[in-house]
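Have a look at the structure below, then the notes.
As written, the chains take the letters A, B, C and D, and residue 1 is the first residue of each chain.
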Amino acid sequence: MSLVFYLIAALTVAGGLASMVLKNTVHCALALTVAFAGLALFFLNLDAQFAGFAQILVYIGAVAILVVFAILLTKGSETPKDGVFSRTWLAGLAVAAAVFAVLGWAILHTAPMLPGATPAPAVTVEQIGQALIGRYVLPLEIVAVLLTAALIGAVIVAMHEKEGTK
Amino acid sequence: MIRNLDQIFVLLQHWLVSFLAAAWQGAAGVLINAAAIVCVFPALFAVAVWLERKGLGRMQNRLGPNRVGPYGLLQPIADGIKSLTKEDIVPLSADTVVHFLAPVLLVVTAFMGFAVLPMGRNMVLVDLDAGLLFYFAMGASTELAVFMAGWSSRNKYSLLGAMRAVAQMISYEVVLLLSSVVVVMMAGSLSLTKIVEAQNHYTWGFPHWYIFTPWGLAAFVMYAIAATAETNRSPFDLPEGESELVAGYHTEYSGFKFALFFLGEYVAMFSISGLGTTLFLGGWSAPFSFLTWVPSWIWFFSKLMLSIFVFIWMRGTLPRLRQDQLMNFAWKFVLPMCLLNLMVAAVWRFMGDGWLRWFVCSAILILAYAGMGWSELRKKHIGPRSYRYAE
Amino acid sequence: MQEAISFTPQLSASLIAEILWLIPAVPIVASGLAALLKQPRRKASATLAIGSLSFSLLLSLVAFRHVVSEWANGRATREVVNFAWFQTGAVNVDLGWVLDPLSAVMLVMVSFVGLLIFIYSTGYMEHDENYTRFFCFMSLFAGAMLGVVVANSLLLLFMCWELVGLTSYLLIGFWYQKPSASAAAKKAFLTTRIGDVFFLLGIVWLFSQTGTLLFYNHGAGSLEPFALAGLLATPAALGLTAAGAIGLLIFAGAAGKSGQFPLHVWLPDAMEGPTPVSALIHAATMVAAGVYLIARVYPLMQAGALAGGTTTALTVVTWVGAFTAVFAALIAVAQNDIKRILAYSTVSQLGYMMAGLGLGGVAVGMFHLITHAFFKALLFMGAGSVIHGCHEEQDIRKMGGLKADMPLTFATYGVGMLALCGFPLLFSGFWSKDGILEAAQHWSVAKTPFYMLVFGALLTAFYMTRQVAYVFFGYWRGGKPAHESPAVMTAPLAILAFFAMALGLIGTPAWPWFRAFLDGRAASFAWRGFMEPGLLALMCASTLVVFLGLGLGWKLYGDRSPRPQEPDALERVTPLVWGWLRDKLYVDEFYGVTVIAFYEGWARVSDWLDRRVWGGVVAGVAWTFGLWAQLNRFLDNNIVDGSFDKGCDELGVGGGLLSRMQTGRVQTYLRLLALAVVLLAAILIWSSRA
Amino acid sequence: MTPLAGYLLVAALIFSIGLAGALTRRNAILVLIGIELMLNAANLNLIAFWRYGPHPELLTGMMFAIFSIAVAAAEAAVGLGLVISIHRHAKTTDLDQMNRMKG
């Protein structure tokens, strides 16, 4: 458990928390990007360069932008009068706490059996590419189809009725 | 001697580092390199600004800056001092924190890109295996900074400018990526140094730069277009269209923050031209085999400045597009061409050597270009602008 | 039975084999281009289709020449070109194409007949406004069919097979504005699907058994001894080996496509499509695809048979084929729609082919397939020309005396008819049918098929005579007089007529070139061929049968034309049988009664249960309670009411509580979900620790 | 504590935070954000297991993470599209007011 780990963890968790408790929606989105960045750092820290950069590219570069766009399009940036939390927030919080309790409990109970530190695996991007084209070609194709479908679907869902009927 | 001249900066760094204990040398070396980058490019920025103002002046039949120093050479310094000493105004209703963070983030991410650019033989800050991916990841995060700037300053012009900028950047980022993927396919690596190495061969004295292949040329053209749009340069400078929205997302910025935006824009320009140079123009390799004795970094920077000049030239020449034209162009013309170019590259790769592949690939590209352009022209309808953000 | 054939394996495929894929690819591409054309571009689409198909024909001829020359040099070749389509995990799926005598012959036949029919349809479809669509579909079909022929992988074959089915559907329903046409299209599609399901099962089973779907792969293919041995070793249900079971499943698919009983019902209705379609798809090529499939997987069907013996699969094929032959021929006797007659005759001829495969091996069945393709296409196109000439009239009772009005059509049609009847010596049908009869005669299992097939031959001669007599002899009973068709339609007829005669010569017992070619043995000319025991007798017998049929037909129908309304000649003899036959032996009705009636009956039963039983029970209970209430009203009013109302209120409250859980808020549901997850996880961990 | 356990704990924490957000926020977009957080936590788990697992050279966990990143992108696009269209109809993104499907 190096210092770096704790730093990144602090950053990530702080970002996540902020993105969930802040009042202003846009602030939440920005905090979310902080959390994403933290996770990307985690990935780099785990010697998963490719995944880390992909994380930055996809989440910070695309998803976060999408989110802020959506916020502005839905005029969600101004905070509502009657609070940002739903009426049943307490129950929700309790449930989430329960989930964390169970997960943490499980982890802590299995911690002794977990493998210790291992030497970093040397993974080049080329290997990943080979794997994508070789062993994982079918998932790759399926994901391609899925993305296309999602693209079309998102466009159609968000499109205007006028355009739709035209 | 020549060899030393070529490697002079590397040697310099090694010499500096050698004073430290071995344990610190690695980190120190990185620090020195970073410091070098952070010093060199602002200097280049000053030069470029001067060049731009002079050059534009020439193109528009005026003198340009000519008061401060000979030929106004000291103009950038004067500007710098001015912007440093100006008052930093923050709108009352602005979101202070975000408003402050935006320019910083912009500049930082803009500088990050240089970390993986090989500026000369053995002159790269970190030679990442996924360098190109890293570059694009960084480029993607600048959009966020732009959005923060526009949104935080509570000003409809800023917001509109930011939205335009972000939409435009996202659209053209796709093009940017796809046009570079071709190079990756050919070089078989995401590492920029490897890509340069792959282009650093000569036949009959001519280099194997990717721009000298049909797909490479097409990809380079599209890359250039996308780069212009990414950096919000004319003719794609709607986000700062003075005539429409005062100064785009940095309307509400003044003093040093504004200078940061200015710097960020130029640095982004440098880095994106640097990437283009690396991908298509053979990076630091010499244009002719008999010129290889010239130090590699000279080549890199001269290519860089050349492309900057092209930027300036275009700004001096071309009128500004309209938002819907911009988007249609990106999604309906450039993107399909990029995809086609991928196919062409694959064809090229699998047809093996010989003149035939030259013919086939160029034929496909030219035909596609002509056909699409023709159809675009045929169904060109002059009408009211038809783009929409929010209802 | 034929003895095992030894083809010399080709490790390096020749150039023509390498580019064999072009043959199906070109027409498919052409159809894709035609699909882009606008309707008015009629010429362009026709040119595309015909040009592409003639290219395929050219390549096919080259391939055929190559194979023949190789064979003439004593090297019977089977060249395969395989490539990996995709690989996932350890499984890799290969596709490929094969060039051997079988596929070469089929290629030439399909592309040649197809080309003729294309040319013919430029004339036939002249006035149709969906001309381009027609040719788009047609060349798509041609490409798919050629794909079926060249496929060296059961998977590729199945793809093209389904493509063929699709185009058949599209073309039967080509005039989709006619409800009958669209109904027929649906019927065809669904009926063949039934077979295809079994086919797919067979494919999957084969793949799971042998791990490959390639037919031939230098010893590693699924039809090659190693795999077959494995298949024979694994037993399946009912004392079948896996090989036999898979063979039967594949045969079910083949039966669906080539209209074997009981899946034949779609083929006659398929005649709703344009006549060229009937000629190309439902006479010459697609319906023959089933036969070709059986021939292709013959090693599988034959696996485990001792020399001269037979296998369960082949026995089933034989019986089904023979039965279909007679059955369809019977029905054909009593039809009045010129195309329906031909359709049923097609079904019965397909039965002959199947029987031939089952009895005498690949060559016998294939020979009949080839000859039949030519003369049946000829007949259909002749019928088309007749219909065209009689202004879209299809009822033979409203025709007559056309031999004067359309001499060319009459001559060619007569040739086709005689070939179909198997008129001795001169016509191809005689030789191919004789081969089948001979094989049936020597069949080791039973003699019945032989007699069935002979009877079928008799019927064939009979109904064809009836048809011809109705259409071409007597006097004109239609409305405005008929006219001869344009040359673009009659020229292909002439060509086909020539082949309908000449083609028989390559299969005579004296010079069994075709069989030798397919079996990869050397062919030799020898009059001795006729001297085989019983052969001459058989030939005389079948000749007699044919003449009998012709004579009978002529006696009943010759030269006297009944008015449309007055009863048919045969009807006067046996009205009862006639009625059965006219109503197609009630197969459709049978399906109607069984399949559809099953659902109706089921619905009625449950309805009855609802009304009578449960309803009765409920009523009884209600009545009892009513009585009870009557008795106890007094008590009720005083004591029970209060508690009862209380209970009701309780229930209401409970219901309210339950319904309140359904808040319609997403987050509530998400919360419940998370809770459930927590509980499950807790239980899991706890149980694992305990 | 082994490094793997640490990563798992952090992932669990982030997951719970995301869940809490998804359960308590009114704004549909923020619920989506919460879901994104949960997905990311899952990705962190995958990568961590890949890194410390027995066979990192097989890249299984890494691939899983990469694919789930791609899927998450699609999910975000569609989800936000839905939110936008809902907003267009109901003029709100408040989940407490979207209860028309109550039983």
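Basically, contacts are C-beta pairs under 8 Å (C-beta built on N, C-alpha and C of every residue); 3 or more make two chains touch, one makes a residue touch a chain.
Here the structure is a predicted model, which means the values were calculated and not measured.
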Interchain contact steps from chain B to chain C (minimum; 1 if touching): 2
Tell me, please, which chain's centre (mean of its C-alpha atoms) is farthest from the centre of chain C? B
Rounded to the nearest whole Å, what is the centre-to-centre distance of chain B and chain D, using the mean of the C-alpha atoms as each centre? 33
Taking each chain's centre as its mean C-alpha position, how far apart are chain A and chain B in Å? 29
Nearest whole angstrom, what separates the Cα centre of chain A from the Cα centre of chain C? 55
Averaging only over C-alpha atoms, locate the centres of chain A and chain D and give their separation in whole Å. 5
Residues of chain D that touch two or more other chains: which are they? 19, 23-24, 88, 95-96
The positions of chain B in contact with two or more other chains are 391
Quick check: what residues of chain C touch more than one other chain, meaning two or more? 665, 667, 671, 674
Pairs of chains satisfying the touch condition: A-B, A-C, A-D, C-D
Could you please specify the touching residues of chain A with respect to chain B in the complex? 24, 26-27, 30, 33, 49-50, 53-54, 56-57, 60-62, 64-65, 68-69, 72-73, 75, 77, 124-126, 160
What residues on chain B touch chain A, complex-wise? 95, 98, 128-130, 133-134, 136-141, 143-144, 147-148, 151, 159, 163, 166, 170, 173, 188-191, 389-391
Taking the complex as given, what residues does chain C use to touch chain D? 659, 661-667, 670-671, 674
Mind listing the chain D positions that touch chain A in their complex? 1-10, 12-21, 23-27, 29-30, 32-34, 36-37, 40, 43-44, 47-48, 50-54, 56-57, 59, 62-63, 65-67, 69-78, 80-85, 87-88, 93-96
Partner chain C, residues of chain D touching it in the complex: 19, 22-24, 31, 95-96, 98-103
